[in-house]
Amino acid sequence: MESTLVSQGLDLLLYGMGTVFAFLTLLVGVTSLMSVIVNKLVIDEPEIAVSATAAGSVQSTVEPRIVKVIQAAIDQHRGKK
Amino acid sequence: MESLISLWASSGLAQMQFDQLIMMIVGLGLLFLAISKGFEPLLLVPIGFGTILANVPGAGFDAAPVYDAMGHMQSPGGLLYYIYHGGIETGLFPLMIFMGVGAMTDFGPLLANPKTLLLGAAAQVGIFTTVLGAVALSHFGILDFSIREAASIGIIGGADGPTAIFVTSKLAPDLLGAIAVAAYSYMAMVPIIQPPIMRALTTPAERQITMQQLRPVTKAERIVFPLALLVLVAMLLPDAAPLLGMFCFGNLMRECGVVNRLSDTAQNALINIVTIFLGLGVGSKMSAEKFLNPETMGILALGAVAFCIGTASGVLMAKLMNLFAKHKVNPLIGAAGVSAVPMAARVANKVGLESNPQNFLLMHAMGPNVAGVIGSAVAAGVMINLVGGM
Amino acid sequence: MESLISLWASSGLAQMQFDQLIMMIVGLGLLFLAISKGFEPLLLVPIGFGTILANVPGAGFDAAPVYDAMGHMQSPGGLLYYIYHGGIETGLFPLMIFMGVGAMTDFGPLLANPKTLLLGAAAQVGIFTTVLGAVALSHFGILDFSIREAASIGIIGGADGPTAIFVTSKLAPDLLGAIAVAAYSYMAMVPIIQPPIMRALTTPAERQITMQQLRPVTKAERIVFPLALLVLVAMLLPDAAPLLGMFCFGNLMRECGVVNRLSDTAQNALINIVTIFLGLGVGSKMSAEKFLNPETMGILALGAVAFCIGTASGVLMAKLMNLFAKHKVNPLIGAAGVSAVPMAARVANKVGLESNPQNFLLMHAMGPNVAGVIGSAVAAGVMINLVGGM
Amino acid sequence: MESTLVSQGLDLLLYGMGTVFAFLTLLVGVTSLMSVIVNKLVIDEPEIAVSATAAGSVQSTVEPRIVKVIQAAIDQHRGKK
Amino acid sequence: MESLISLWASSGLAQMQFDQLIMMIVGLGLLFLAISKGFEPLLLVPIGFGTILANVPGAGFDAAPVYDAMGHMQSPGGLLYYIYHGGIETGLFPLMIFMGVGAMTDFGPLLANPKTLLLGAAAQVGIFTTVLGAVALSHFGILDFSIREAASIGIIGGADGPTAIFVTSKLAPDLLGAIAVAAYSYMAMVPIIQPPIMRALTTPAERQITMQQLRPVTKAERIVFPLALLVLVAMLLPDAAPLLGMFCFGNLMRECGVVNRLSDTAQNALINIVTIFLGLGVGSKMSAEKFLNPETMGILALGAVAFCIGTASGVLMAKLMNLFAKHKVNPLIGAAGVSAVPMAARVANKVGLESNPQNFLLMHAMGPNVAGVIGSAVAAGVMINLVGGM
Amino acid sequence: MESTLVSQGLDLLLYGMGTVFAFLTLLVGVTSLMSVIVNKLVIDEPEIAVSATAAGSVQSTVEPRIVKVIQAAIDQHRGKK
């Protein structure tokens, strides 16, 4: 029973690390391949895409009403001068 | 007079057991670590508070509801009972957290340099050697862990709180308190645990390696990656599908750009609500009987070992990769493979700056850092599958 | 060795059935439509992802929990199981969505011109003729639909996702996947489906009709309207009360001006959380057995017919009203009566601008647009009542 | 049985559309009447009420702390000049 | 024809009972008070709307779900059924509200002047004398209240909505509607009820007493206070631990400064979601049978008495303290001890300004105001303990 | 039975108010003591601490992206001049 426990632990180590390494190694390949294929299929300028993503996510996660308020605040400020 | 006796009999002092007092002090200690030392406060504040609540004598925070024969409620259950059985035993809360973490994760650095995934794989060695350590302790009769308990202890080395909670709630729920506390505490101690190991295993020259700038990643790659990962998991490792599926779902919501309001809620209101309840629910398992025993000491010791081995494995793997690769990686980023996002990546950056103040490793370390999340979710899937059948 | 066999036996590839593979491709297809074509992404991203998750072989996303004789949990259920049975089977999620939609709805244009309610009524003809189409297909032995299924298919023509899900989960839960997908897909295709029909049924002169400016609506009217609608529903159509009751509740919170923080949460955090889970839960009903069959083709075809007839009925009703009314309505706004808020109103505006670039119909079309929501909720109530008793 | 199905469908069409039209026609009347009554009972200038609602909803849904931050940002900006 | 009969038979008018009609008018009346008079709208809008929904004849908003022998759902329950049994009967919603209220509470003024806790204690006299009044009415056969019901009625005098709901749902769920309505209505009427009593019991000179400026309170005190309170409650009054525990938890999240995102969610999205459902769930108990009876009149009358006695006790206690204390307190702030945060403190401030336009009592009144919350939670714990065993 | 009810009510009044007063009086002492001890142990300037808390809570509850947007709006505004 006790020795079974140790052998179970060894099994877990072997099959576990085996699976983790096999899966993540496979994922390295799949990811690299995916990037190549996707970037061939989709015509998409990377730099612009990245900055667009960044800007887009800021713009989209800030709700329009907040943008509106800011605009209003700035307009008001400009008007006050 | 009877009322006075009833009041006294129901007072905490009359019912208080010594154990509960100690556990309340443990709870206060966790709160001190969280608030004063900044140890993962988002989880340790609720866990610490939950620990205190669960040990209030006679308050019934984890009492089950009582129903009569007709199914009508006779007395309601305690708050922590509902939280634990509704959200943790079912696995719902860790999965929702994983969705939110996915929505917060930027896979860009990983996509720019996919081979850093191997660093995330290597760091999981900590998990499995710790399992071996736990069964060895059992074998030599020092402590008594079943294989299910050993597997749950190992997952502390994954340096990923929700994964640890998810696995432990399935394999060894009685250890949930100790394992969650160990996992979050060590994640908070990454800046203390890792640097000596990183320095010991690397030469100054290695620590100064400058990595080439990461290529820009397109939006399309970012969208397809979580789907590719999901399909791969579905084909090969269904047991990892709950954790990684929700993780990929969150990430897809983030990257696809058309459901920003959902992604925003997953990253804020929803994950915050679930975090509060997850922490309280974990606290409800912090009873003296389950926490104040030699096994907990063993768990804490083994957890520390797991972190150290994971860190070392990541660094050594990076050095191994450098033997073959054209573009050298700075071995310090291997330590980030344990996950503990983003703390471990920051530690790698900081140790790197000590050797070369111009060498910013942060973005390079984010690749192995998120790879570590994938790696430990894979390890979790393997363990649930194998140990469940043992 | 046993472990290796266990790992392989539990891998997705070994368990994968051809059906599941196809359904995962269907899920990816829905994600493509949602992300790349912008088809109602808020629902179709979660539905598509839920479809993939539900078809991961061996992952048990829709497994029921197992309890022992004492009531202790032996193995927890899957995430999608809890979502479906907790939120969709009970009807809770569609009702919460309706509350949020109510809190987002501006009844101003409808109050300024109440007779546009008739356009919202007319567009529901699509629902009931589609029911007739479905029973006809059954009658001629082409497909096999019960009256409950036919009614659920008809409701696709209501162009209102939560209503369709609410009705189908009550009358024909097995069709939930197909019907929800059809409903949201056609709602997304409104800009393609409607314009040809609108142009075919109107003369250029009719399309140029300019409508008189809407009168301003007072705050008091806005507050009393949801209450008046609620009372009317309570008196006459209790079966429509769950949907319309929550809709009115949301709208009252919006308009009353004293519970803005509740209204804000109903429109944001709460509806977003529920939308994520509603979509995943619908996806859990997308199994091959229930989706990959001739009935689904029939549902998609009938759904398209329902949209076309609804659109045509709305336009024709507007022309009919013009025979009697002093103030002519532009018949294009009749098409907005199908609901699909606010897409159908925008389509009416766009087609109108083609004929007269100065003629902005958007606000005028919002009246029939929200009337369509009321109309299909009423139709839903009638169907649940009549079909439940058949 | 089959014919019953068709007759059930016809029933649904007749009673369903009947109810929808009856209910929404009634609602036209009730709504119009409601507007008349309400606007008589409540003295409320419509234009101002509408604009107040619009402004009110913007103000109230933007949380005060955000407004505060905006104000602070603008003050700081003004101060910097 | 059958269908027509079915439609008519299922219409509200055919099923409507006179009782339900009256209750719908009661619901509209509550909405009027909330929207037009500003009576605690955050709760009374959902309660009022829930009252209407619960009384729609035949809509089944509080119908229980029906399962077949196999455990499969035959017909789903109504929305209000799930809300009531899931969130109110279990006590979860009031506890979550208490957590949010804790996260919104500033204990600074109380910490600067701890002896104002005594004012919060004194104001609870209203609770217990009202219990006595209720048993007296029973004793003389005027109305029929059990001791459990009398205790629930008394808690109205605590001027704290979630506490009243928590206690009543445990001791006398049938009275939940009447007691919640009375509690929130009187809380809204504090500016009308309190000033005459405050003026009657104080001299102009007393009302002009200027209090010394509150000392600044350190961050450390703010963090330790909720923990000290929790430990004290755990030791002495475990029955008050659910309410005060969650209250302290919310406050600790607020003050500790390291979990601001959790505190923010507890104060906003989470408390708003729970408030919506709590209100609807309370409304579901507003049936004619439980509300339209002489007992409700008795409850309303006793509730008013409770508020008056509580106010008077607070003021008199302040005068008593002035007999011994070096630094005099303005007796007006004693009235804030009933809780009704922050209304009662504002009333104290306003009445004070009438006598001395330079004398701002608001911050001084916040101390007894939050002390009143603690006081009524303690009283609630005592009642649940003593009455549960009677 | 009836008299029992009244006696139960009296019991509740006595023990209830007794407990409330005893507990809150004790809390007065504990709180005062706590303040003294805590302020001795922790060196912490009160005024600064209070204002820091206030400022901190404003800063922390406003999400960074909002601050970012405001900054962007102000930068843009400044740039436009």
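Letters A, B, C, D, E and F mark the chains in the order given here, with residues in each chain numbered from 1 onward.
Here is the rule we go by: contacts are C-beta pairs under 8 Å (C-beta built on N, C-alpha and C of every residue); 3 or more make two chains touch, one makes a residue touch a chain.
Keep in mind it's a predicted model, so treat the numbers as computed, not measured.
**Q** Measuring between Cα centroids, what's the chain most distant from chain A?
**A** E
**Q** To lay chain A over its twin chain F by CA atoms, how big a turn is needed, in degrees to the nearest 5?
**A** 120
**Q** Just give me the whole-number Å value for how far the CA centre of chain A lies from that of chain B.
**A** Taking the average C-alpha coordinate of chain A and of chain B, the gap between them is 19 Å.
**Q** Report the inter-chain centroid distance for chain B and chain C in whole angstrom, where each centroid is the mean of the CA atoms.
**A** Comparing mean C-alpha positions, chain C is 39 Å from chain B.
**Q** Express in whole angstrom the distance between the two chain centres, defined as the mean CA positions of chain B and chain D.
**A** A distance of 46 Å separates the two centres.
**Q** Spell out, as numbers or ranges, the residues of chain E touching 2 or more other chains.
**A** Correct list: 3, 7, 236-237, 257, 264, 268-269, 382, 386.
**Q** Chain A: which residues touch two or more other chains?
**A** Counting only residues that touch two or more other chains, chain A contributes 11, 15, 19, 61, 66, 70, 74, 77.
**Q** For the complex, which residues does chain F have touching chain E?
**A** The contact residues of chain F facing chain E are 2-3, 5-6, 8-13, 15-17, 19-21, 23-28, 30-32, 34-35, 38-39, 41-42, 44, 46-47, 49-50, 52-53, 56-57, 60-61.
**Q** Considering only the defined contacts, which chain B positions touch chain A in the complex?
**A** Its residues touching chain A are 108, 110-111, 114-115, 117-118, 120-122, 124-125, 127-129, 131-132, 134-136, 138-139, 146-147, 150-151, 154, 215-222, 224-225, 228-229, 232, 236-237, 255, 257, 260, 263-264, 371, 374-375, 378-379, 382-383, 386-387, 390.
**Q** Taking the complex as given, what residues does chain C use to touch chain E?
**A** Interface residues on chain C, with respect to chain E: 85, 89-92, 95, 99, 170, 223, 227, 230-231, 233-239, 241-242, 245-246, 249, 252-253, 256-259, 261-262, 264-266, 268-270, 382, 385-386, 389.
**Q** Could you pull out which chain B residues touch chain E in their complex?
**A** By the definition above, chain B touches chain E via 3, 6-7, 10-13, 15-16, 24, 28, 31, 34-35, 38, 41-42, 45-46, 49, 52-53, 55-59, 61, 65, 73, 76-79, 82, 268-269, 272-273, 275-276, 280.
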